[in-house]
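By written order: A, B, C and D. Residues from 1 in each chain.
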Amino acid sequence: MSLSQWVPLVVLFTLATLFALFSVTIAPYIGPRRYNKAKLEAYECGIEPTPTPPGGSRFPVKFYLTAMLFIIFDIEIVFLYPWAVAFDSLGMFGFVEMLLFIVTVFVAYTYVWRRGGLDWD
Amino acid sequence: MTPDYYLILAAVLFTIGAVGVLVRRNAIVVFMCVELMLNAANLTLVTFARINGSLDGQIMAFFVMVVAAAEVVIGLAIIMSIFRSRRSASVDDANLLKY
Amino acid sequence: MNDIQLPAIDYAALLPMLIVFGAACVGILVEAFAPRGWRFVIQVSLTIGGLVAGLVAIIVNRDLEITTIGGAVTVDGPGLFLQGAIIILGIVSLGLIAERRLERGGPFVAEAAHAANSDGDKRQEREPGATEVFPLTLFAIAGMMLFCVSGDLLTMFVALEVFSLPLYLLCGLARRRRLISQEAALKYFLLGAFASAFFLYGVALLYGYAGTVSLTGIREGVLQSEQSGILLAAGLALLAIGLLFKAAAVPFHVWTPDVYQGAPTPVTALMAACTKAAAFGGLLRVFNVAFETTAWDWQPVLATVAILTMVVGSILAVAQTDIKRLLAYSSVANAGYLLVGVVSLNGAVGSSLFYLIAYGFSVLGAFAMVTLVRDSEGEATHLSRWAGLGKGSPLFSALFTFLMLGFAGIPLTSGFTSKFALFSSAWDSDQSVLVIVGVLSSVVLAFPYLKVVVLLWLNPPGEETPTVSVPSMLTRAVIFAGVAVTFVLGVAPSFLLDIVADAGPFLAK
Amino acid sequence: MDSITYAPATGALSSMWLLVAIPALSATVLLLLGRRADKWGHWLGVASVLASFVLGVTYFLQLRGIDGTGNKSLSVDLFEFIHIGDLNVSVGLLFDPLTAVFVLLITGVGFLIHLYAVGYMSHDPGRRRFFAYFNLFVAAMLLLVLGDNYVMLYAGWEGVGLASYLLISFWSDRPAAATAGKKAFLINRVGDVGFALAIFLMFATFGTTNYADVFNGVLASEAGQTVSAGVLLAMGLLLLLGACGKSGQFPLQTWLPDAMEGPTPVSALIHAATMVTAGVYMIARSQVIFNANETAQTVVVSIGALTLLIGCVIGCAKDGIKRVLAYSTVSQIGYMFLAVGLGGGAYALGIIHLLAHGFFKAGLFLGAGSVMHGMKDQEDIRRFGGLWKYMRITWATFGLGYLAIIGIPPLSGFFTKDPIILAAFNREGWTGWLFGSAALLGAGLTAFYMTRLFVLTFHGRPRWQKEGEGGAHAASATDAHGAHADAHGAAIARTEDGRDIQHPHESPWIMTVPLMLLAVGSVAAGWLMSTSVVDWLTPVFGEHEEGHAHLTHTQVTIATVAVTVLGVALGYLLFRGGTSLVEQPARTHLVRAARNNLYADRFNELVFELPGRLLTRALVWVDNRGVDGIVNGLAAAFGGGSGRLRRLQTGYVRTYALSILSGAFLIVAALLAVRLG
């Protein structure tokens, strides 16, 4: 790869750093500090997220917990794909290793299960 | 189309992520910017795997994804607990420890 | 598709890590199934048992030198030594983590997600703390062990995250002062993730450069690669940033004081001793194995970082008013001294390893003693509160004074022998400028330690001098270990230096 | 010079580690047993030093028994201390004639001072702790002189520094003591940096820190020019920096007078007789290095000459009895530096002056302590006077020490100082005249201020009686007193009104016996030293070669004695009638009564005092502002810089991330620059 192609990158990186430096240093001095509800919203899109539970503007923490558990167990599957593709050539060795992998995931799962992570109430 | 453009895109994404960490206040968004940086690295890995003609880079991307997911979970847990105490997810409000 | 070559796995070489990881998994099952009342006892014995078994496995492996699992793990002399160091320091810091007499229920809280001072929080005030800290500690220690023997950068990245993630959590679990504890966790997490993104991008660039991420592959790639040198330089720089962050080198040290202060003190001790060992283990391995041949390129840069770290760390320590922050900056300065060892490459590997052990024990002892000074609010870490403690608690003050003198590098303490060994081997490797800066900065660094000593003995006690609590055998053992090792390594360090010398250089084939 | 070898120690000497171990063990026992040892702890401390002394004498006799041609440098290797890579430091001890005289000095004088301290500290609640530190000091000091390599020397060096720090701030509830302790520690650290760097340099150059190997390396390099002169010069100067810090030489002298805030036995043992002479020991021990480089020697001589003058002049201006003695210590060590800097035979002269000084200065300090003990801790010589009637033994012993230090024949100072002045005059070239004159002038000044001290303290009108002139005196006496009285807590109440001071008393026997023994030493030692000790030291320093001579021995002796007598006469004439107190008597009839003296005083003032006073003031100012100012300024700079830098730690995550990103950017840029540039 030629050197010239990277020059714009270096320039961009420089500019970006300078911009960040500039905005962070200058912001406390010139920026107005008017927080409004929309600004503090999680996704900062400017519009209020639609269904908010009555009596409060937050979801029950259970949603987050479930989301987190989903992410972590869901992503483990990613290892199963390459194994499945190469299952034939990996043979018994691969099978045992994958079993071990699933056992460790299962250990985490039992913990979540026994400690009530899966109960909604 | 040469793979180089992917590298440049990844570099741009990485820079955007790095700058985002600096300029955003919401801890979740800051964290999303970090994820953007990780994914930029992933894109680079995959592109180089293509350039080098080896699979290693793609496998590495898998590992990075899993690690990133674990990081997400930990991060969300920490941010959530701090949000419950302070009623704010702004990183600027977490400012008791200084000097 | 061709048949895939299955990698050869030397289970003996992996055994120490497998034992510790296994103990951690069992620990999780214990959390899931054991009755609440039994958990603490089971966890403590399981954790200590696992670590001791791991240590035994390391000792059995001591002459092993092998690269296994397709180059992912390189077990060699320095690697085994670092693993052993991390396990031993881990066992010692476990004494602090398991301490339950100083604070009813231990230093950790059962459910940190309760908002501070909420009803739920008040209810758990008197309950025993979370026993999950033990598996988390085991995972962290196992991650550190893997980090020190990683043969390629991907393994290193995974290990980095494996030991970082539990630490992020542990930081936020303090029973007292939950707000600053959570803040420490948030800061550590965000900045740690930020730094590891740099690390990963560096890995990606190096992969592009050398076509492989194995350390030896990069070493050879340096000589053969047709790729642009920019990839190598940028990749190396970004990789170094991730490592320097964990090692707390200036300007990547910014998290250190805040996190050290905010985290529960046992976790701070764990970080100061074990994380430092792991981070420098990684740094030493990466620079000695992968980049030794390009040393001319990076040595000046890393030397600058080392100088900055020593100077900034020692100067900033002068003005600190909180003992934990003071120790944090001292840990930054010590990172600078260790970086001198990294810059000196092979010549100073042995003395760096020795330094890690010596510093680790001293710092564990010091933090253990910090946990004893308490008032009704928990630990009283502000230095003004320590004034005049020597009057009421002479033994405490004498031991703490000894540790401070050790940090200041007075002979007959490990602080002297370790600095001496490190600096002389660095000088021998033609890093005389770094040594001069190091000696000068250690003079500056003597001020804050001296300040503490003066405060303890010479200042009149304040209006509300906190008491020095009487801990259980666990914390006592930690303090004893810290003080004793500081003394023994100061008087007769040769046995450990022999071990370090026998460890030899990193395996670079 | 031939190459240097050390023979392995045999017989009793193979157990020479006991010398260090016994006091160290005693210190440990005293510290560990805590209050349980309060009753008998001080006797254990004394006994351990006595045991070391007996051992020292045994070893000395064994060493003496070796006949003329035998190797008188015996070493014993205990165990390997640090072995890493090429670096190999072992815990090894060396007993040679130089070490032997130091061991005898440290344990002998140390024993007497320990004995004295039993009496002096008898009322102090912290006596056991005091003896523990004191023993720690003796152990460290013995390690310092016994080590057979520079690392051992450094270990002892730091150890005595630590003990000195602990002992200076022993009465830690006095702010002055705490500050003085801190100052001593910090200034010593500055010197230690030099020493440490010198060790690293040695290791890098010769691959070892053992005396024998380093010296042989230097000798070999002289022959073969393998080591550049610059390296040797740097080594010498770095060592000298360390020596200056420890020995209170210019420009690091300011901590030593402040160190007098410690208990008097500490001033006597550590800050007069032994520790502060460690710098002289180091230079004498490293004679091979200094001999190899003339520039380094010249620097040593210059520092010695400069310091001896500074010490004398400031000594004239101080009023605290211990302060004057402290500056006199600074000045006498200046003589020793001068001597060891001159090289050749003068090394031995420096060492014998050191030994003689150890005796008479310890005696003087203990005498001063005895005076203060009898005067309820009053320290201001303007408030003494006529004490000879009340404390005869102290007077007599102090007087002998006084005569010894100013060099009246046949006392020891004469035999040791006189040859140094001669040697200085006989240095080659014009510098010989310069340094000789400085040394001669110093002798005169010493005679002057020591006479002032002696006359004001023991003779003339008693100025400590109140005689109804009242309140102001009593109050100020109490003020000066209050700061020093805590050790004798019980004494405070009694002296609140300043009355009790009307009955000065002699100290108990346990304090006077050491005084007498030390006085005997000051009288007798001189002649002994100038002959036999010089011969004794010949194996270490080589034969004394007669250089060329500007002046003969007789000329110098006459000049020295003349200058000394002049100084004494001047001092006696000026101060026999006492001196004015700071608080001028308010009543007019007192002024009138003093008028007769006044004219004389004014005359004296114009002719003698004024120029001297101006010079003195200038020097005191430089001393306080200049050096202290630099030290304090540096400390303030670090503190201030630290305070300001600290503000960068804003507590905002985003600022931290910015720091990381900027650091990342700089490192990437730097590496790219290195790589591509």
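Odds and ends about this structure:
Heads up, the rule we're going with is that a residue touches a chain if its C-beta (ideal position, glycine included) is under 8 Å from a C-beta of that chain, and two chains touch if they have at least 3 such contacts.
Just so we're on the same page, UniProt names per chain: A = NADH-quinone oxidoreductase subunit A; B = NADH-quinone oxidoreductase subunit K; C = NADH-quinone oxidoreductase subunit N; D = NADH-quinone oxidoreductase subunit L.
Predicted, not measured: the structure shown is a model, and the values here were computed from it.
Top-ranked chain pair, ordered by C-beta pairs in contact, is C-D. Taking each chain's centre as the average of its CA atoms, subunit A and subunit C sit 27 Å apart. If you average the Cα atoms of subunit A and of subunit D, the two centres end up 68 Å apart.
Here the CA centre of subunit B is 64 Å from the CA centre of subunit D.
The geometric centre of subunit A is 8 Å away from that of subunit B, both derived from CA atoms.
For subunit B, residues touching at least two other chains, in rising order: 18, 21-23, 30, 70, 77, 80, 84, 91, 94-98. Of all residues in subunit C, those touching 2 or more other chains are 113, 186-187, 190, 194, 198, 230, 257-258, listed in ascending order. Residue numbers of subunit D whose C-beta contacts span two or more other chains: 646, 649, 651, 653-655, 657-658, 661-662, 668, 672. If you draw each protein chain as a dot and join the dots that touch, every dot ends up joined to every other dot. The touching residues of subunit D, when paired with subunit C in their complex, are 31, 34, 79-87, 151, 154-159, 162, 169, 172-173, 178, 181-182, 185-186, 189-190, 192-193, 196-197, 199-201, 203-204, 635, 638-639, 641-643, 645-646, 649, 651, 653, 655-657, 659-660, 662-664, 667-668, 670-672, 674-676. Interface residues of subunit B facing subunit A in the complex, by the touch rule stated above, are 4, 8, 11-12, 15-16, 18-19, 22-23, 26, 28-29, 59, 62, 65-66, 69-70, 72-73, 76-77, 80, 84, 88-90.
Those residues of subunit A that touch subunit D in the shared complex are 10, 13-14, 17, 20-21, 24. Residue ranges of subunit D in contact with subunit A, taken from their complex: 654-655, 658, 661-662, 665, 668, 672.
The touching residues of subunit C, counted against subunit A in their complex, run 1, 3-4, 6, 25, 28-29, 31-33, 113, 227-228, 230-231.
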